[in-house]
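A short write-up of the structure that comes next.
Order as written gives the chain letters A, B, C, D, E, F, G, H, I, J, K, L, M and N; numbering starts at 1 within each chain.
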Amino acid sequence: MDPATWIAIASIVTAGLTIAIGSIGPALAEGRAAAQALQAIAQQPDASNTITRTLFVSLAMIESTAIYCFVVAMILIFANPFTGG
Amino acid sequence: MDPATWIAIASIVTAGLTIAIGSIGPALAEGRAAAQALQAIAQQPDASNTITRTLFVSLAMIESTAIYCFVVAMILIFANPFTGG
Amino acid sequence: MDPATWIAIASIVTAGLTIAIGSIGPALAEGRAAAQALQAIAQQPDASNTITRTLFVSLAMIESTAIYCFVVAMILIFANPFTGG
Amino acid sequence: MDPATWIAIASIVTAGLTIAIGSIGPALAEGRAAAQALQAIAQQPDASNTITRTLFVSLAMIESTAIYCFVVAMILIFANPFTGG
Amino acid sequence: MDPATWIAIASIVTAGLTIAIGSIGPALAEGRAAAQALQAIAQQPDASNTITRTLFVSLAMIESTAIYCFVVAMILIFANPFTGG
Amino acid sequence: MDPATWIAIASIVTAGLTIAIGSIGPALAEGRAAAQALQAIAQQPDASNTITRTLFVSLAMIESTAIYCFVVAMILIFANPFTGG
Amino acid sequence: MDPATWIAIASIVTAGLTIAIGSIGPALAEGRAAAQALQAIAQQPDASNTITRTLFVSLAMIESTAIYCFVVAMILIFANPFTGG
Amino acid sequence: MDPATWIAIASIVTAGLTIAIGSIGPALAEGRAAAQALQAIAQQPDASNTITRTLFVSLAMIESTAIYCFVVAMILIFANPFTGG
Amino acid sequence: MDPATWIAIASIVTAGLTIAIGSIGPALAEGRAAAQALQAIAQQPDASNTITRTLFVSLAMIESTAIYCFVVAMILIFANPFTGG
Amino acid sequence: MDPATWIAIASIVTAGLTIAIGSIGPALAEGRAAAQALQAIAQQPDASNTITRTLFVSLAMIESTAIYCFVVAMILIFANPFTGG
Amino acid sequence: MDPATWIAIASIVTAGLTIAIGSIGPALAEGRAAAQALQAIAQQPDASNTITRTLFVSLAMIESTAIYCFVVAMILIFANPFTGG
Amino acid sequence: MDPATWIAIASIVTAGLTIAIGSIGPALAEGRAAAQALQAIAQQPDASNTITRTLFVSLAMIESTAIYCFVVAMILIFANPFTGG
Amino acid sequence: MDPATWIAIASIVTAGLTIAIGSIGPALAEGRAAAQALQAIAQQPDASNTITRTLFVSLAMIESTAIYCFVVAMILIFANPFTGG
Amino acid sequence: MDPATWIAIASIVTAGLTIAIGSIGPALAEGRAAAQALQAIAQQPDASNTITRTLFVSLAMIESTAIYCFVVAMILIFANPFTGG
């Protein structure tokens, strides 16, 4: 088997596992933040604007770590600098 | 066994595991957010509109990490750039 | 052993594990959401309509990640694009 | 050993593990939902009709993920499309 | 070693693990439901009829996932369609 | 080594692990149910008859999953249909 | 190495692991039931007779799963039907 | 290496692991029961006789599962029926 | 296979796992901090400015550990000092 | 390598792991019992005699499982019946 | 394959895993400290200066363990004393 | 490689792991007991003498299991009876 | 491959894992201590001097175990006594 | 490869893992004790002298298990009695 095949296999497996493992943490964290936001709205309806805005900024920040993983997975599949090696 | 077979096997196994592992986090997170939303409605029925709207936006955000995994799995099965290697 | 056999074995094992692992998260999440909905009804019987409707929308959303896994498993068994390789 | 034997072994092992692993999540989720329903009845006996109805719909929804696993296991044992390969 | 032996070994090991792993979830779930039912009776003795009836229906539903595993294990030992292969 | 030896080894190991793993879930579940029953009696001594009766029915139901495992282990040791193969 | 040696090794290792793993669940369950019984006595000293009796019946039931494991371990060491094979 | 050596190695390793793993469950369970007993005495000093007696019976019952493991370990080291094989 | 291929494979797999594993901790930590911030706002709306500012500084600090991982992953893919070895 | 060396290696590794693993459970259990005893003294200083006495009896009982492990480790190192085999 | 390649591979894999594993603990710890700080501000707004200052000193101290890992990873990639071996 | 080298390697690895694994349980247990003692002093300062004395006796008892591990590790390094074999 | 290479690889991998694994415990412990200190300040602002001083002494003590790991990692990389072997 | 190299590799890897694993338990335990001490000071500022003194004695005792590990690691690196074998 030629080297390109090995690199292709490694890229495929790594890309899949990267996004799969990398989605666990952000998803759970977003679920926690969202759940707490809902509880906060129920507890203090008057502050729902502040709560919602803080929630969305936080979700974006958390989502960023998932996007790091997605970027790495996409790079490994479509823009892998080693596939020409 | 020729390289294409190895790449096919790696793609099949990776696609399956990606969506399988990648669905655990989002599912649990959505379950948590939904459960908290139901509790919030029971606690503050008057704010059910705000709660429901925030819930759906949050669910969509969480679902996005599952969709990343589904996209990668579909790419590996139907649009794998390495299968021509 | 010919390549088709290897691909068949990989597809069988992956299909089974995909739906098996992929059903853990959604099932637990649905159980949590349903349990909280029942508690919410007991706490606020007057809001049972809103609670039930929100519950069913949430269950459908959570179920979607299980369906992703089921779709991938079915594709691997009955519509595997690699089996002709 | 001929390919058919390998496929048979893979099918047997996968079918067993699929239903075994796949029954953990739904069983725990049903147990949680049922436990909460019983607590809800004890807390609000007057709403027992609504609670029981919501419980059964939820149990059916959760059971569906276990049935996905059972269906895949049965397909692998009795209607395996690869056994003719 | 002939193929029939391999299939026999795979069937034995899989049957045992299927029922062993598959009994963890239902047992824990039934224990949880039963424990909550006992607490519910202690809290609201007047509703013991409704509680007991709901408990038994729930136990039957949870038991069904254990029975799926038992059925698969029995099929693998006594009615294995691959043993003639 | 002849096939019968392999099947014997597989049967021995599987029988032991089946009953060992299979006794964890039921034991913990029975412990939970019994603990809750004792708490319920302390909380509501007047309902001790109903509690005790419900406890024993539940214990029998939970024990059934342990008995499935014990039955499979005994079949594998003393009535193994493959040992003649 | 002759088959009898392999079977002896498998029996020794399995017997040890069976009773070792199989004692975790019952021990923890008995500890939980006993702890709750002690708490129940402290809470309701007048019901100590009913509590003690229910505790001992429950402990016997839980102990039964440990005894299943002990029986299987003893059978594997002293009455192994495969050692003559 | 002769068979007796293999059996000796298997017996040594199994004996050690059996008592090591087998002491985790009973130790934790005894610790839990003892801790609860101490709390119960502090809560209800007048019932200390009943509590102490129930504690010692429970400790003896829990200790029995550790003794099963110790017996099996001793049998494997000093009275192993396979060492003459 | 030449050394450059091995180094490429090691770099691909390591880069993916680094960002995947390295995103779990920061994501969960950010989720926790954000959730607590939302609860704090609901509890003390007047201090929302201080809370939000402290939250963002903390998120930046936590994000830094994720960025360490992202930097290492990018170095391994695009600026690997060993690829010329 | 002669059999005595293999048995020596197995004995060394097993002795170390036995006491290492076997000290986790008793240590945690003693810590729990001691912690609860301290809390009980703080709650009910008048019963400190009964509490201390019950604590020491319990600690001795829990310590016994650690001593089982220590005995087996010492036997394997200094009085191993297999080293003459 | 020459030794330099092996050392390069070991350095790459170790550097990635070091920063990946090493970021989990500090991230979670910082998240916990930050979350508690936010709760403390909400509870005692007057002490927000002391709280914020203590928080930042603590975050710096916790971050130091992540920096140890980052330093080791950087040393392994860019200043590895073994690469000349 | 001669037997003495194998025994030396086994002794080194085992000694390290024994004290490493064996220090987890006692350390956590001492931490728990000490933490509870501090809480008890804060709750009942008048009983600080009894609490401190009971704490030190308990710490010594818990430390004994760590000392067992340290003794075994030292024996394996400096007084290993097998190194002459 | 010469021995120096093997020792270099072992040193690299061990140094990385030592600091990576060794930073988890201290980081979490410091986070816990810092979090509790912040809560303590919020609860008793008058004692902030004593709390802060005790916190810093404790953090230094906890940090010492991380420094042990860092020292060992540095010794393995820069002052390894075996590299001349 | 000569025996001295094998022993060197085993010593390096063991020394690193010993201090790495061995620092988890003491660090967490010290964190717990320190956290509780801070809470105790906040709850009972008048007893801060007794609390601080008891804390430092306890920390020293817990630190001792980490020092055992550090001693063993240092012995393996700098005073290994097997390196002359």
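Side notes on the structure shown:
In this text, a residue touches a chain if its C-beta (ideal position, glycine included) is under 8 Å from a C-beta of that chain, and two chains touch if they have at least 3 such contacts.
Note that the structure is predicted; figures quoted are calculated from it, not measured.
Chains that count as touching both chain H and chain K, per the definition above, do not exist in this structure. Chain I is reached from chain B by a rotation of 50°, derived from superposing Cα atoms (nearest 5). Separation between the centroids of chain B and chain M, computed from CA atoms only, is 37 Å. Chain G has its Cα centroid 42 Å from the Cα centroid of chain B.
Note on chain placement: the centre of chain K and the centre of chain N lie 20 Å apart, centres being C-alpha means. If you average the Cα atoms of chain F and of chain M, the two centres end up 46 Å apart.
Looking at chain D, residues 11, 13, 15, 17, 19-21, 24-26, 28-32, 35-37, 39, 41, 43, 55, 59, 66, 69, 73 sit in touch with two or more other chains. Taking chain E first and chain F second, the full cyclic order of the chains is E, F, G, H, J, L, N, M, K, I, A, B, C, D.
Within the complex formed with chain N, the chain M residues making contact are 3, 6-7, 10-11, 13-15, 17-22, 24-26, 28-33, 35-37, 39-41, 43-44, 46-47, 50-51, 54-55, 57-59, 61-62, 64-66, 68-69, 72-73, 75-76, 80-82, 85.
Listing the residues of chain M that touch chain K in their complex gives 1-2, 4-5, 8-9, 11-13, 15-17, 19-21, 23-32, 34-39, 41-43, 45, 48, 52, 55-56, 59, 63, 66, 69-70, 73, 77-78.
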